[in-house]
Every structure is written in C-alpha cells, then in structure tokens.
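These are the structures in question, set out in turn.
In the two complexes that follow, subunit A is the common piece, with subunit B as its partner first and subunit C second.
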Partner chain A sequence: MKPRQEWKASDFGMPSEQMTELDPSRFLKLPPPYEDWDDGEMQSLSEDQKGRIEHSLDGVTAIGIPKPASPEEAEKRVADFLEGLRKLLTKEDNWTFLQPLLLSMENCVKCQTCNDACPVYTSSGNEEIYRPTFRGEVLRRIINKYLKPGGKVMAAFRGNDIELNWGTLARLAELSYRCTLCRRCAQVCPIGVDNGLITREIRKLFSQQLGINVDELHGSGTVKQLQVGSSTGMNPTALMDIIEFAEEDILERTGLNIKIPIDKEGADYLVMHNAGEFLSWPENLQAFAIIFEIAGVSWTLSSEQVGYDSVNYGLFYDDFMLARIALRQARIAKGLKVKSVLQGECGHAHKAFMPIADRVFPAELNVPRESCFPLLEDLVCNEKIMVDPSRNDFPVTLHDPCNITRSMGIVEPQRRILRKICPQFREMTPHGVNNYCCGGGSGFAIMQGSNFPDWRNKISGRRKFKQILDVFQDSIGPETRKYVCAPCSNCKGQFRDLLGHFDAWERCRILYGGLVELIVNAMVDVKEPFIEWDFH
Partner chain B sequence: MLWLQILVYLALLVFGVATAAKIWKYASAPIHLRWELYPVTADREKKYGGSYYEEMEWWKHVPKKNLFHELLAMGEEILFLKGVYENNRGLWYASYPFHLGLYALVGLIGLLVAGALAEMAGISVAFASPSLIGVALYCLTMLAGYAGLTLALAGCVGLLAKRLKDPALRPMTSPADYCNLGYILTLLVVAGAAWLFADPTFSAARAVAGSVITFQPLPETSGIVMLELALFSIFLLYMPFTRMTHLFAKYFTYHKVRWEDSPNLPGGPWEGKIQEVLNFGVSWQAPHIQTGKTWADIATEMPQEEGS
Partner chain C sequence: MPTQELGGKQVEVDEDGFIQTPEEWTEAVAADLAKTEGVAEMGEDHWKLVNYIRDYYQKFGIAPMVRKLCKETGFKLKYIYELFPSGPAKGACKVAGLPKPTGCV
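For the complex of A and B:
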C-alpha cells in the first residue's frame, strides 16, 4: 500500500487489495473533554466479507458491492458503465442535470480551493482520496480517455492517465458514498464547479444503468416506500395505530385531548413528516399536533401510502425514484384538495419536494408547497401561541440542515423562534448557509450496513461534533444540560449515532431534538415540561 | 509573411468558432432540475442567504431578478477574484496578478485596434499627439501593456511555483497543465522582449492590428514581433479547448445554476419547458427503469423490478 498522501487519480485503476488505510491518529482533533479521546482502530471487515465484497478503496463498504463472479461479468459491467456514462452526457437521458454536470466537468481548474471546505476531507486528516475534486477527476479522466475521440493518445501527458477496469468502478462507486453532498465545496468554488453534484451523478449512473445502489436508499428505501407507503415499512394500518398512540401520549403528558386530523379534505395544510418521526421521535409529531391545535391551524395528515412519509431518498442517488415519489405525494395532495403541502422538520424532504421536484411536476400536479418554519415563526413571534422562555433556560444551539439552509435559503425563521424562546441560544461557527453537515447527509444517517457507521461517526460527523463541543465550551461538563436543536429527521438520526458514539450524553449532557419540542416546552398552555431529558 | 497572416486569421477563426460552439453547448442544454446555492444575489436584503422560502405563501413573494445585483456580484468575482481571496489566500497572491494582468492584456488588444482605427482616421497616436484622443490611446496602451505584462508574468511564475511545490496542487497537475503555463510564460517573455527591444511604444503592434482588421498584408517588422504574433496566434488556436474557458463558463455556473432561483409557478414559462423534457425518451437500463419509455411514463409507474 502506498503512503496515503502519494495517491493520484491515475493510481485509481491500479490493482491493490486496498488503496489506503485510514489512520485515526491523523483525524481532526477534538476540544475538551475529548482531547485524549482514543478513536481506536477503524472497524475492519471480516475475512468472509473481504472475500465477497468490494472494499479496495479504504477498507470501508457503504454499498456492499459483490465481487463479480467471473472476468466476463466484470468486463460486461465495465462496458455497461461506459454505456451509462454516455447516457449521462446526453440531453434525453440526463436533461435533469446535463448543463450543471458539463459545466463542472469541463471547467474545474483544480485549484483545490474546495479542500478546506470539506468536512470529510479535513476530518480524515486530509486523506487524499477524499479530496472534493478527486472523484470528479477520476470521472473526468475516464470520459476524456475512453469516450472522447483520440482520448488514449498521449493520455498521460494530457492528464487522462487512468485504467478503466472493474476495480476502478468498484472504487469509484464506493467513493461516491464518502461525500455527504453538503455542497460546501461548491459554495467556495470561485468558478462555480460543483463536486457535490458530480458525486451525485456518479451515484446516479451506477443506479440507473447498473442497478448498483445502497439497499437502505433503494430496495429498503424508495422501493419500499412506493410499495408499502414508507421506507420504515409503516403501512397505513400501522400509521393509524401510531396516531392513536400519539393522541393518548399527548393526553398523558400534557392533559390536552387532541385529535390528530387524518385525510381532512380542504384543509389549509397537508403536513408531511419524515416517517422516522413517527417511530423514533414521536414527540416531534406530537409537538406539531399540540402547536397547530392550540393555534387553530387548519391541517391534516394523509393516511394514503407515501402521503404520510415525506422521505424521498431518490434525491440522493436516482432521478426516477425521486420523481416517482414526488409525483405520488403531489397527487395525494391534489386529491385532498388542500391549499398547500407543509413540510415538517426534514431537510432532504424540503429540498426534494420543493425546489428539486419543481421541474418534474406537470401543470396539473404543481401543488403549492411550503416549509413549516415560516408558519411556526408566525405562530410564535406573532404570539398566536403564548410562550414562557424561562422554561427553556438552558444552553441551546441550532444545527442548520444543509438542504434547508444552503440549498433553499431558509435561515432566519427558525433563528427568530429560538431567539424568542431560548434565553441561552448561541450560534455555532460557522452557521447558516456556511454550516457544516451533520455527517449523515445524502442518506448516510440511515446507512447502517457493515463498517460504514464506524466511518460515519469517526469521520463524516466529526467536524459537526467538534462544532457542538466548541459552542458549549462554557458549560461543557455533565452538570449542565444542553440541547442541540436539529430540525431535520435525518440529522437527528445522525446525532443519535454520533453523540452515542462519543458518549456525549454521559460525558457532557448533550441532548438533541427538534425545534417544535422546544416550542411546546415553552408553551404556557402546556403545564408540564415537554422535553424529557433522556437520551434516545 | 503570408504564412503568418494565414496563421493569424486561422487562429481568430478557430478561436471564434470553438468558443461560440462551447458557449452554444452550454446555452442550448435543456432545462435542469433546480440546484441553487444560497445566498443568491437577487435578494440583497437577505445577504445572510435567505430566500423567498422564508415567507408564508412564498409564491407571493418571489423577488424579480435584478441583473444589476447579479452583475455586481460577478464583477467582484471577476475583478478581485473574491472567492479565491476569501477561501484560498495563498493561491490568490499568484492567481490575482495573473488574471489582472491578462485582463489588461486583453484590454491592450482592444486599445491596439482602437489606435489603429484612430490612425486610419488621421489621428496621431503618440505622447506628443495634438489630439487628446491620440494621447489617451497612447498612454492607456502603454499602461495596459507594461502593467499587464508585469502582473501576468509575476502571476504566471507564481502559479507555476505553486503547482510545482504545493502538495495540494501537485498531484492534480498534469504535464499538459505545466506545458500550458509554460507556454503562457514563454509568450509573455517573448512579448516583453519584443516590446522592450523592438517595439517599445507598440507602434508595430498597432500596425499589425491595423493590417489584420483591414485584411491587408502584415507590415514588415522585426523578427521578435513576428514571433510574438505567431505564439499568440497558436495560443488562440488551442485556448478554447482547454479549461481556460472557465472565463465563459462562469456565467452559466452562476446565472444558470447557483443563482437561477426561478420557481415553476402555475401559468409561468416553465410549464411548457417541463412538458417538453418529460417527453424525452429514456434508455437507462437498470432493472427499476422501463427503458424505451418516456421520462414521464417511467416517473409515474412503479419500479419494474417489483413486477408492477
């Protein structure tokens, strides 16, 4: 194995058991009380897994690509890949992103301005293959050498020296899942090149042409959502049980007898939650119900398959799955004759259903779609619900979900709420549109296979964990309860794993949760504290 | 000298056609899914990066595009390389003089053409010219030429040194990249030598510009000025085929992607364009895609692998 810093894109096609060995001693250092934190070794695959699954990039596997059964199968996959690559560059097959892809592929001057913006690259101790430009450079070389006329002539001189073989593809597929698509790299690029987009296009090529994708996103994700109703496996019957339980729980916790509206035609808002809230954080669903009922908002949930789960993992890897889910959701909203669809606290659902799907909706399905944050701001800041900020008198910080801030420009409403209801609210550095990803973006939060969670907790979430520790340094000890407000279901999933990995509840009393829980916790109409200070 | 004249026109033709073709390729691409990055420049009141999505019923609050604000932001980027300054200061010290020098040298070409036209109109382009226009053209030409050359030379050397020494840049730099920078450096050195030793007031260069725009034979001049012209022509020949076209691409990456920010409102201009792309045929072949159908058909059907 070569020393880590000597890898070049031209080495990507060279045969080796594993390109690079991650070295925890080089990982980003953490502030107190984690100065002496021992990351231990990276979790390695079992010998059996190594024999079956592609792992030659960094010893980690996100996708779990089986090794080809024969050289012929490997060759066929390489040929299929090249065919898919051609499609990626045609307007019929890839109208969805052709223009931005071409712009990014043809105009990167490789100035490396993006390096320091990348939380994965910097957290890993500047691991060469995690450079934002690296995977784009590999793809660029394959295009230039294998698709363009005369591409093999003086390929090394022209910077197109790469060997295309099954190993190259397996590494490239895995490498496309070492980036959270947070797009900080694109934001600092002086030319506007978007290596996050290139990463997504690589994922898409593998999914749409070769059927290679992550099971949690595809088979157990979008496909299950379309078939059963939710990627969690929750069908409409289970939903009704959960709603009934939620109503009972609200009554028990708050004394409020609230009936959660289902399939109410003509309501102002069809509220769509990430189904993860129903199963893992039902307090979020309950808090929304309490706020809306007390404020007199006209709203409803849908009990129709897909209509009660705002998740759309297609955003992360496949245009068709993205469109299928968005169109189904729009059709359900039309059927209910609601005035607008309101997105709950889920970042990728916001982005998928609002700006991204905007251009797959034919006129008859172009339903109005809104974020929950302006409405919540209106209710809290215009005193349509009464709050007592002293109930939230503990340190609170806000995590900005990338999809809501950097990709949609929803930055201030949630802050105005927090400033009003949390006397000890403080900002991370940087924040807003310059925030760092939680480390679970682009589907990482739900990817639990093999040794990927170990990589996610140690590397992709590390920068965010450092930010959280930094912002609470004035009260970092376990004697003070602290709250990370993460108004996004996927981010909360990541925080559950990340804070758990670092034992941050025991060591620092850092809890995470949504925004609406904080609002209800401060509401004068709710007599008992709503936030339960136990880590889950 | 005929060969040089042919080379000059060939270079101009190839440069023009190839550049136009590249711009057309980007401009004629179909609509794409929205992929903005905030802040966008349209809303100067929300410099922190806020958008109309911060409003209830946001569709009633979509701000009109403000070309002036967009140009202002682009101007900062182009004139000062603001992004590089803020995010990659070490590179900016080399990249900024290089770019500024190139802008001045592009300006020099314009001034040489203007000077040639002025002389055709009987205006003497000289420091002692009786015409103010002649004096201004002379002084500006001298300034653009020598300042541009100095800045571009310094920047080019700096960029070469950065690419050779910086461990972040070196692995991503190909031999062709070095040759490219080396060629520009050679061109600048030759141009500098030509100006200092053979054409210090740009009178020969102006005469060349005059002959090119009037399709007259090139004037007799020193060998080094001819070499400068030949090297510059070759540069024009290959420039559109390199990443140096980021100069043009930047317009699209910013205006058509990052800052596009144009929602599909009912009855608006996007509806027709969306209908058009939804009718495109699809040939992706993964099991969950019904290859051969239109985009709209596939997007409204269940994944094929599930047998629906």
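For the complex of A and C:
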C-alpha cells in the first residue's frame, strides 16, 4: 500500500484491495477527560462480507455495493455511468443543479484553502482521499478524458490521467458518502466553489442512473415514505396511537389537558415535524404543543401519509425522490388551506422544503413556508409565554444545524431565545454560520449498517465532540449536568450515537435535546421541570 | 442476502443480523438472536419486553416508541439496556423479529 500522502486522483483507477488503511493514532486529539482515549482498531468487515461487498476505498462501507457478477456486468455499469455523467452535464436532464455544478467543476483552481475547513479531512489526520477537492478532481478527470473530444490523447499529455473502470466507480460512489455535505468548504473558498454540491451530484448520478444508493435513504427511506407515509414505517394508524399517547403523557407530566389538533382546515400553520419527534423524542413534539396551546397559536398536524413526516432524504441523493416528496407535502398543505407550513426542529427538512423546493414547485404549489425559530422567538422574547430562566440554570450550548444556519442564514432567533432563558448559555468555537457539522449530516445519522457507524463516530463526528468538550471544560465532570441544544432531529440522532460511543453521559453528564424542551422547562405555566435528565 | 442458523433452521438475515421474514420468527429463533445480542438466556422480563414489541408491531406495523415501551412494561430505559445491552431498537427489536429500524429514529 502506498503512503497515504502520496495518493493522487490518478491512483483511483488502479486496482488495489484497499486504497488506504485508516490509522486511529493520527486522528484529531480530544481534550480532557479524553486525552488518553483509546479509539481501538477500525471495525473491519468480515471475510465473508469482503468477498461480496465493495470496500476498496478505505475498508468502510456506507452503501454495501455488491461486487459485479461478471466482467460484462462491470463493463455495462461503466458505460451506464458515462451515460449518466453526460446527463448530469446537460440542461435538459439536470435543470435543477447544472449551473452551480458547472461553476464549481470549471473554476476550482485547487488552491486547497478548503482543506482545513473540512471536519472529516482534519479529524481523520489529513487522510488524502478525504480532501474536499479529491472527489471533484476524480470526476473532472473522468469528464476530461472520457467525454471531451480528444480527451484520451490529451489526458496523459496533460498529466491528469485517470483510468475509468468498475473499481474507480465503486470507490467514487463510496467516497461520495465520506462527506456530510456541511459545505464549510464552499464557505471558505475564495471563489465559492461548492465541493459539497459536487459530492451530492455524484450521489445523484449513481442513484438516478445506476440505482446505486444507500438503502436507509432510498429503499427504506424515500420509497418507504411515499408508500407508507414515513420512512420510519409510521402509518396514519400508528400516528394516531402515538398522538393519543403523547396527549396522555403531557397530562401526566404537566397537568395540562391539551388536544393536539389534527387536519384542522384553515389553521394558520401546518406544523411538520420529523417523524423522529413522534417515535424517539416525543418530548419535542409535546413541547411544541404546550407552547402553542399556551400562546394561543392556531396550528394543526396532518394525518395524511407524508404530511406528518417532514423528512425528505431526496435532498441528499436524488432529485426525483426529492421532488416527489416535496410535491406531496405541498399538495397536503394546499388541501388543508393553511396560511403557512411551519417546519419544526429538523434541519434538512427546512432546506429541502424551502430553498430547494423552490427549484421544483410549479406556481400553484408555491405555498408559504417558514421556519419555527422566528415564531418561537416572537413568543418567548415578546412575552407571549412567561418564562423563569432560573429553572434553566445549568450550562447550555447551542449546536447549529448546517442546513438551518450555514445554508439558510437562520442564526439569531434561536440565540436570542437561549440568551433569555438560559443564564449559563455559552457559544462553541466556532459557531453560527462557521459551525461544525454534528457528523451525522446528509443522512449519515440514520445510516446504521455494517461498519459505517464506527467510521461516523470516530471520524465525522469527532470535531463536534471536541467542540462540545471544549465549551464545557469549566465544568466537565459528571457532577454538573450539561445540555447541548441541538434543534434538529438528525443532529439529535447523531448526538445520541456520538455521546453514547464516547460514554459522555456517564463520564461528563452531557445530555442533548431540542430548543423547545428548554423553553417549556422554563415556562411558569408548567409547574414541574420538563427536562428529564435521562440519556435516551 | 446472508443466512444464519437460528432456532435449528437457516434463516435469511440482513448484514446486521435482522431476520428478513417476520413469519420465520419462533421463540427458538428469538433465543438464538438474543445470543447474538449478548443475552445468554432469555428471562421472564426479556420475554415480557419482546412480546410487547411483537404485539405492537403486529398491530401497527412499527416498533413502539421507546417512551411508550417503558410505560407499558414498567421498565426504566436503563433496565432495558441491562436486559438488552445494545438497547431497545437494535437489541430488543431484533430479538422480537422486527426488521432493522429505519428513518430518523
């Protein structure tokens, strides 16, 4: 195996069992009490899996691509890929993202300014293949050599050669799932090249043309959501059972008798939550219901399939699935005649249903859509609900979901709330639009197969875990309860795994949760503490 | 799709050992699945949990929310982790013969 720093894009097409072996001794160092933390070995695939599944990038598998049955099948897939690549570069077949893709492909000067901004690259100990520019360069070389006239002659001459074969493709597909699409690279680029977008478009090519995608995002994700109503499998009958339980639970916990409105025509807001709030973090769903009830907000949930689950994993990998889900959701909002659709605490749903859906909605479906944070700010800061901040007198920090903050610029409303209700609120470094991803972005938090979670916990979430430890250093011991406010369902899923992996609840008493839970915890109308200091 | 010997027969499982056809589930299959999740022997409380999850799944097509699971069985989450070290979703649901949890849960 070549020394890792010498890998070049041209090596991507060379046959090898595995391009790189990740070395935990090179990973980003963590502050106390983790200065002597032993990461152990990277979890490797079993010999049986290695025989069946492509793992020639770094020994990790996100997709689980089966090895082709014959050389003919491999050749056919290469031809399919080139066909898909041509489509990706034409207006008729890629009207959604062609312009930003071309601007990024054609203008990157490889100055590498973006490298240090990438949490995956830096956490891994500068693993060459994780450089933000690496995948774009592989794709660029393939385009130059295989799609441009005279490309094959010119490639060797120009010194930017690459061999396109099945191995190249299997590695490139996997490599497109070693980036959380956080877009910090695009933010620091002097000319705005968006390697996150290039990565997403590579995923799209593989999904739309070759049917190569991650099961949690596609078969058990968007496809299931369109069939059943939610990627979790939550059908309308299960939804009603959960809502009934949530109402009883609110009564038991707070003494408040609240009816959660369902399918109320003409309400001001159709509230759309990530299904995770129903199943794993019902306190979030309940907190929204309590706040809106006390403040007198006119709102409703939908009980129609897809209308009660705001997720849209199409954002991460496939335009067709993205459009199908967004259109279903918009039609449901139209049917309920609500004034606006309010997105709850879910980052990718914010982005998918607002700026990105703008690219696919016809005029008649262009329903008003908004984020929950400005509304919550109005209710808390203009005293439409009364709060007693002394109830939140413990260290609190805010994690900025990339899609909400960096991508959409919603920065201050959530902070103004926290400054008002949390006396020990403190900011991580960096934060706001310069935040670091939780490490679970672009669908990673729900990708639980094979050895991928091991990679996610050790590498993509590492920078964020370091930030969390850093911000709580003044009270890092388990005698002080601390709260990471993560107003995004996907980020919460990642924090559950990440803090669990590092045993941070036992060692440091670090809990994670949403924003509305903190608000309700401080509300004078709610007599008992709402936050249960119980890691789940 | 790999297969695994569970309860004295070959059963199709996914890459993480979740059985693929719920109809294949028997108590003997469950007992063998439990061994793969670090549970040497299924006790009364293990069965209480697994049976509740199975019943809920058969009625609603989905695993019960963890909060409801705790309330209905009277088990604290911490105790569920003692019963099934890999937790309710990955451990108990697998033993109950449910497919691997999907979506943001």
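Everything below uses one rule, namely that the second predicted complex is superposed on the first by the 533 of 536 C-alpha atoms of A that agree within 3 Å, B and C clash if a C-alpha of one lies under 4 Å from a C-alpha of the other, contacts with A are read in each partner's own complex, and residues count from 1 in each chain.
By definition in this document, a contact is a pair of C-beta atoms (placed from the backbone, for glycine too) under 8 Å apart; a residue touches a chain by one contact, two chains touch by 3 or more.
Because the structure is a prediction, the values reported are computed rather than measured.
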Is this a clash or a fit when subunit B and subunit C both end up on subunit A? fit
Under the stated touch criterion, which partner chain does A:478 make contact with: subunit B (first), subunit C (second), both, or neither? neither
Between subunit B (first) and subunit C (second), which, if any, makes contact with A:110: first, second, both or neither? first
A:279 in the overlay: touching subunit B, subunit C, both, or neither? Say first, second, both or neither. second
One more residue to check, A:373. First (subunit B), second (subunit C), both or neither? first
In the overlay, answer first, second, both or neither for which of subunit B and subunit C A:191 touches. first
Is subunit A touched at more residues by subunit B or by subunit C? B
Using C-alpha centres only, what angle sits at subunit A with arms pointing to subunit B and subunit C? Round to the nearest 10 degrees. 160
Which partner does A:220 contact after superposing on A: first (subunit B), second (subunit C), both, neither? second
Between subunit B and subunit C, what is the tightest CA to CA spacing in Å in the combined model? 18
Residues of subunit A that sit at the subunit B interface in one complex and at the subunit C interface in the other, please. none
In the complex with subunit A, residue positions of subunit C that touch it: 2, 14-16, 60-63, 65-68, 71, 77-78, 90, 100-105
Help me check something: in the complex, which residues belonging to subunit A touch subunit B? 5-9, 80, 83-84, 87, 91-93, 95-100, 102-104, 106-113, 115-117, 128, 131, 133, 137, 156-160, 183, 186-194, 197, 207-211, 218, 223, 226-227, 318-321, 323-324, 327, 340, 354-363, 366, 368, 370-371, 373-375, 378, 405-413, 432-433
Okay, in this complex, where on subunit A does subunit C touch? 48-49, 64, 216, 220-221, 224-225, 228, 230-235, 237-238, 241-242, 245, 249, 274-276, 278-280, 282, 309, 311, 346, 445-446, 448-450, 489-490, 493, 534, 536
Subunit B residues within the subunit A interface of the complex: 25-26, 29-40, 46, 48-59, 77, 81-84, 86-88, 91, 95, 166-169, 171-177, 179, 243, 245-246, 249-250, 252-254, 256-258, 263-264, 266, 270-271, 274-275, 277-278, 280-289, 295-296, 298-303, 305-306
